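Here come two complexes built around subunit A, the first alongside subunit B, the second alongside subunit C.
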Partner chain A sequence: MNPHPDLTSGVLHGLGWYYLILFVMNLLWTVRSFKVDGEFKKSTPILGGMPVATVWAVLTSILLMLSAAHFTGGSSPEKFMIRLPEWFKNPVDAYFANPVIYFAGSVGLYWAMIRFREWWVQDTVAYTMLQLSLIFMGLSLSDYDFRQIVGKPDNVPIVAMLFIVSFLTWIYFKRAVDNDNRIAQGRPLFEQENNEKVLVWPDLVYIELICMVVLTAVLVFWGIALEAPLEEPASSVKTPNPSKAPWYFLGLQEMLVYFDPWLAGVVLPGIILGGLIAVPYIDFNKGGNGYYSFKERSFAISTFLFGFFPLWIALIVLGTFLRGPNWNFYGIYELWDVHKVVAANNVNLSEFFWNSPLFSWMYGGLPKGDSFMGSPTLTLLLRESPGILLTLGYFALLPPLLGLTVLRKYFVKMGILRFLVFSNLALWMAVLPIKMLLRWAFSLKYIVGIPEWFFNI
Partner chain B sequence: MSDQKPSSDDILSKIRGAAKPAGDKPAAAEESSAAAAPKGTSDILASIKGGAAKPKAAAPAGTADIMASIKGGAAAKPAAPAGTAGILDSIKGGGAAKPAGTASILDSIKGGGAAKPAAASVAPKAAAKAAVDPSKASGMSAADMIKAARTSVGGSVEATAAPKKVALPSKPLVQPAAAAKAADTRRSFLSDALTAVCSPLFVAWGSLITATAASSLAMARFMMPNVLVEPPTKFKIGPPTDYGASTVSTKWKAQFGVWIVNDEIDGQQMIYALSTVCTHLGCTPNWLEGEQKFKCPCHGSGFYKSGVNFEGPAPRPLERHGIRLAEDGTLEVDKSVKFQKELGQWDNAACFVPV
Partner chain C sequence: MSVGDYIRNSQIWKSVFRHPAPTDRRNRVVVMLTNFFLHLHPVSIKQQGIALSYTWCMGGITFFLFLVEALTGVLLMFYYRPTLEWAFYDIQALRDVQTLGIMREIHRWGAHAMVITVWLHMYRVFLTGSYKPPREFNWVIGVLLLVLTLLLSFTGYLLPWDQLAIWAITVGSNMARAHPFLGGEGPGFQLLNMGGYDLITNASDAKFMLLGGRFVGEATLNRFYILHCVAIPVVVSGLIAIHFWRVRKDGGISQPL
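Here is the complex of A and B:
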């Protein structure tokens, strides 16, 4: 018998409950849709003239049938038909196990989120996306490897986080799009028209009390239902494989893959904190103060969301679900095979440079020992000079160049000092994706690599 | 100050200057009276009244003291006695020996302003005694005070012709009181000391300091444990024949944190001891026999059998420890020394044993 069956009677039973909840959810939504959405246009093929709620009613009945099938199919799980087909799993694995596609996809998603915000904030669209993701998850849970990762008690908060973050982002964009339209049409803001101000006592305190009780109940239930993931006693010679940081630090751990510890563990987090502290100094735009708006502060919000979604949330997801043994990439339906062979042979920039045909002909390869002017130090510096010049140019030349060209508008608005602070922080933020892409695309290890001095960039 | 008849402003400034320190020690009263600048009649009167009405604000004194200091201060200016002798002289000269009551003080103010301060300050207690009768003191209206002051200021105009010379007899003024107090302290030293030791402040600070000192000592002791359960830095790992050609032994990883590798490097078959600490962030990599590499589970650094890094973020090769063939024919590893390839230390004969 297969020790890792995709489906067991317990799993089927659980999925039965899962689909039953989805059924109730969609039943309510169908009622709402019947009241609110009206009918399809007469010209629509097939559905013309029928209430929009028909579609939801069909989905609801499918979910009820799915639930019933799962509840009754528990007796022989091996023969159960409703599971993800391999032709679906394999391409998805190939996608998720490829960091370049994954990262490019998360950046693309970020771009689409902003570009198509007016479309996806609509209730029906957002609800459809939620249902699709829930059904996708339900189907995926029928896979053994997916369940091992997603169902791990450690990772439950991350799954919850994905839905909570999506929900809060949706609320923001919905309100912001609404207000942007109001401003464009000259109508009063939502916050002015629907004054949501309440008294602290009793209204706010009352809500807070309820939240407190509910949260406590959830935590107690959580603590009872999901076992704390205790591991074997710590040993200095035995590191768990894979060895993962707490989930909220997985973004940092991912940075450590691309940078030296002093950079990824000290400098970059320090710059994140310093940059956040500097936000009130850099961003003196008073638009959007006290109300939701995207257009009035599009640059600030886009920049922040870029740092938050592709560079933080996406890295947490990557670290949680896609990093497996030996810190290799694994697809979400892929077995965590300790012996998966991944070519990760990394090369420093200096080796690329000096071993290139031109310089290897001119100089004869990597400068070694004290071959340059008889000094080991100068030889080191000569060896790493391409990287050092690149780094210096990146931080010293790019800000003025950007200020005079692409970001001229901001340079004029901000003044030189503020602009330099801003552009340096922005360049530091760009350092991470640049280095990641260089690593993935060219197997570049370090731009400046001086292990002799413990100095690598 | 001028030769003219003092204006009411001048007078009030005098009073004000004197009245202000009523909340202070009498000695200070005289000091500030010289520097005081008039603000306004109402201010001054208010301060007089305030000073008189709030005797509790006064440090040592009651209404009587305040009155005394006002009176004393008002006339104090001209006096410039340098020491006790001077004070006594001025007393003699002024003829205002021992003021016995408000009346006599007022008299002395009126009569010889120069002598007054000495009288008032040499024995402030006496002055206080003299003015002890509160009904008398508080019965004196502001108008009376101004009147008295006017007289004394008028009388002292000549004496204050050179205001800059007006030195302030602060030290001598304090001395008598201090001497009296010293006598007190000598007598009650033991009981005073006992009170101080038992005060909450002393107890609190004392216990804090004691506790801190004790815990520091305990911490210092902790640094020198009786038994040290660290593995020895030098240990025998058996004869070289235990380690077959082209193998990596993980036998000593758990106990000592070294891999013993028998490998061919630059055409030379040798045994060396690699440290099991990843050069990226210090995790412990695993030896993967199938892939013939060391692989770190934390950030994916990979090392060849030789210890040289080739994948992942590790910036430099694994470190070698010292190894030698001991006299008894077994290998001995010395973990107290390390050899780094990037510093060219792997050429050192102390970090490998040719086989």
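Here is the complex of A and C:
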């Protein structure tokens, strides 16, 4: 079978509907733009006096033509022209098929989201980004491998989640920027205006009723449109490759690349939950309670967003869409080739240390057997002592050190116990990015590696 | 007298609803106080507390999805037998033969949706600072609900007994094997021994307890079925009740002072 079967008429019709929906969306937006952005008055110099709505009108008509082309092109799909060219797909794959760039990119996006919040909360900017991502989706759907992975029924909710999370994050920043400005100008908060008491019947019960009706409709429609997956009957001999955990645990499964199961599967999830539970007890900041704001709680919000976006959502997306056979990294347009080989030659910290010129001269390389005081246990400990000391120092020395220097302000306000809990949680949160960086930069496998005791860090 | 009035004035109707139709202010208050389902709510509420742009309605949606899951789940239980012999084929029949097979779709998509909405609810609560005093403890209950929601979804994943199911659960439960001290391949398990015999082996460790065996098998199916259909839902229902009660006792939905 051709590994890249081409477009089928079914796909083209589906895309026809997709662009038709985009067309309707943009038609409405053009009308709105004509009303809101002004007809000819507020035009930008680039447009030479034309209303901004012209741009949207052009996009709208292109979308209509795209839609029509897809509906009519369905009869001979193999000749259909509108598809992503290879010169676009290949570099994108080269870019995505790389966890380093992917992670750096998600951190960069996170940073930009906060840094440029005042810019992107504007309606037109946000809407433009939405349209760009939708058109990118549409074009990408003309690729077979992209369809295979994004179109899998179990993965559809994740795509939907990405759009919903982005939308709600936009609402948050819009409201927060607004409130930050209000506070700066000494005006009442948005939440303080229009905050009269109303009766629950009818004001709330009708919202609830409508919500329930809409949700039921969505679920029924979703159930009809997408069949729940059912694969072959379970067999304990045929191991699928890749074997993936349910999608909401793929962030944890991704951590398995960098940590052993006892850390990635037990300790880190435990710390995440413990950390979440501890949140209300370590956040001593009284501000920003009961309204959207950023400036009043910039540290808390930035930390939470860092955990939520680069460390959770982005890792789920990575695990779902970009991890293929043998847990290798695959580009979004790349075939999941079982035979793809990725060289992995990782080294433990102890090897770096004892094989370094100085210590191999002093000690003659890695301590082996019972060469140290005739005891295998002590030899093991000696071999791993650099990593053990580093780890102990990280968790035991850094908190007081930070408390006395950079984070002194927090230390004073929090008191010792609260500060120790807080700083340890923060250090745990940094553990994953640190290990990732070490792996990528130095091919470091374990900081402490005692496989004899199943104790690897 | 119209038919509607006739019904509303009948003894039967009045025995069920303890108040006249909520068309005027007084009865709109009375309805909230006398109806069992509505008494979850206060009588009146601040506008911001019900503004969609403030709460995103995510807690409410999560609750609604939980109810949908309970309803469709009970319907599925009428068909589904949790045994190696039948589990897979019952699900297959739901897909291909049974009239109300769409219940399985709704149940599965509803479960995905619930995981997403519970995250978004937490996200909203964090962004509005609603976990701050006096609502700290309700946040803690919330975190427990979050874990249980994920576990509900996880235990349900095994029940179709197809390739997707057992391997996802195998990957997930391998973590239990690596539990420090309590897992047969976890750091420190050798420390738990008596007279030279390991207490923790692969036939007595955390993974074994979870799976009821060394591998995902019939005992696992049974355990996950009970967890999924009885144990976790009961606990979640209780916690949701406390969660809602606390929302009211902590002064309603958060808002600026």
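The criterion applied here is as follows: the second predicted complex is superposed on the first by the 440 of 457 C-alpha atoms of A that agree within 3 Å, B and C clash if a C-alpha of one lies under 4 Å from a C-alpha of the other, contacts with A are read in each partner's own complex, and residues count from 1 in each chain.
Following the convention adopted for this analysis, a contact is a pair of C-beta atoms (placed from the backbone, for glycine too) under 8 Å apart; a residue touches a chain by one contact, two chains touch by 3 or more.
Predicted, not measured: the structure shown is a model, and the values here were computed from it.
Touch criterion met: A:P280 reaches subunit C, while subunit B stays clear of it.
Subunit A has more of its residues touched by C than by the other of subunit B and subunit C. In the superposition on chain A, A:K238 makes contact with both subunit B and subunit C.
Once chain A of one complex is fitted onto chain A of the other, the partner contacts of A:P400 are absent, as it touches neither subunit B nor subunit C.
Legend: residue contacts after superposition of the two complexes on their common chain; A:F308 is shown touching subunit C, with no touch to subunit B.
Residue contacts after overlaying the shared chain place A:W201 against subunit C, while subunit B stays out of touching range. With both structures placed on the common chain, the touch criterion links A:Y258 to subunit B but leaves subunit C unconnected.
Residue contacts after overlaying the shared chain place A:R175 against subunit C, while subunit B stays out of touching range.
Across the two superposed structures, the residue set of subunit A contacted by subunit B and also by subunit C is 235-236, 238-240, 243, 253, 260-261, 265, 454.
Contact residues of subunit B toward subunit A in the complex are 253-254, 257, 276, 279-281, 283-286, 288, 290-291, 295-300, 302, 310-313, 315-316, 342-343. Against subunit B, in their complex, subunit A makes its touches with residues 235-243, 253, 256-261, 265, 325-328, 338-339, 341, 343-346, 445-446, 449, 451-452, 454, 456. Those residues of subunit A lying in contact with subunit C across their complex are 154, 157, 160-161, 164-165, 168, 171-172, 175-176, 189, 191-192, 194-205, 207-208, 211-212, 215-216, 219-220, 222-224, 226-236, 238-240, 243-249, 252-253, 260-262, 264-267, 273, 276-277, 279-281, 283, 286-293, 297, 301, 304, 308, 453-455.
Residue ranges on subunit C touching subunit A, taken from their complex, read 22, 25, 28-29, 31-32, 38, 41-48, 50, 52-54, 56-57, 60-61, 64-65, 68, 88, 91-92, 95, 102, 104-106, 108-110, 112-113, 115-116, 120, 122-124, 126-133, 135-136, 139-140, 143, 146-147, 150, 153-154, 157, 160-168, 170-172, 174-180, 183, 185-190, 215-217, 254-257.
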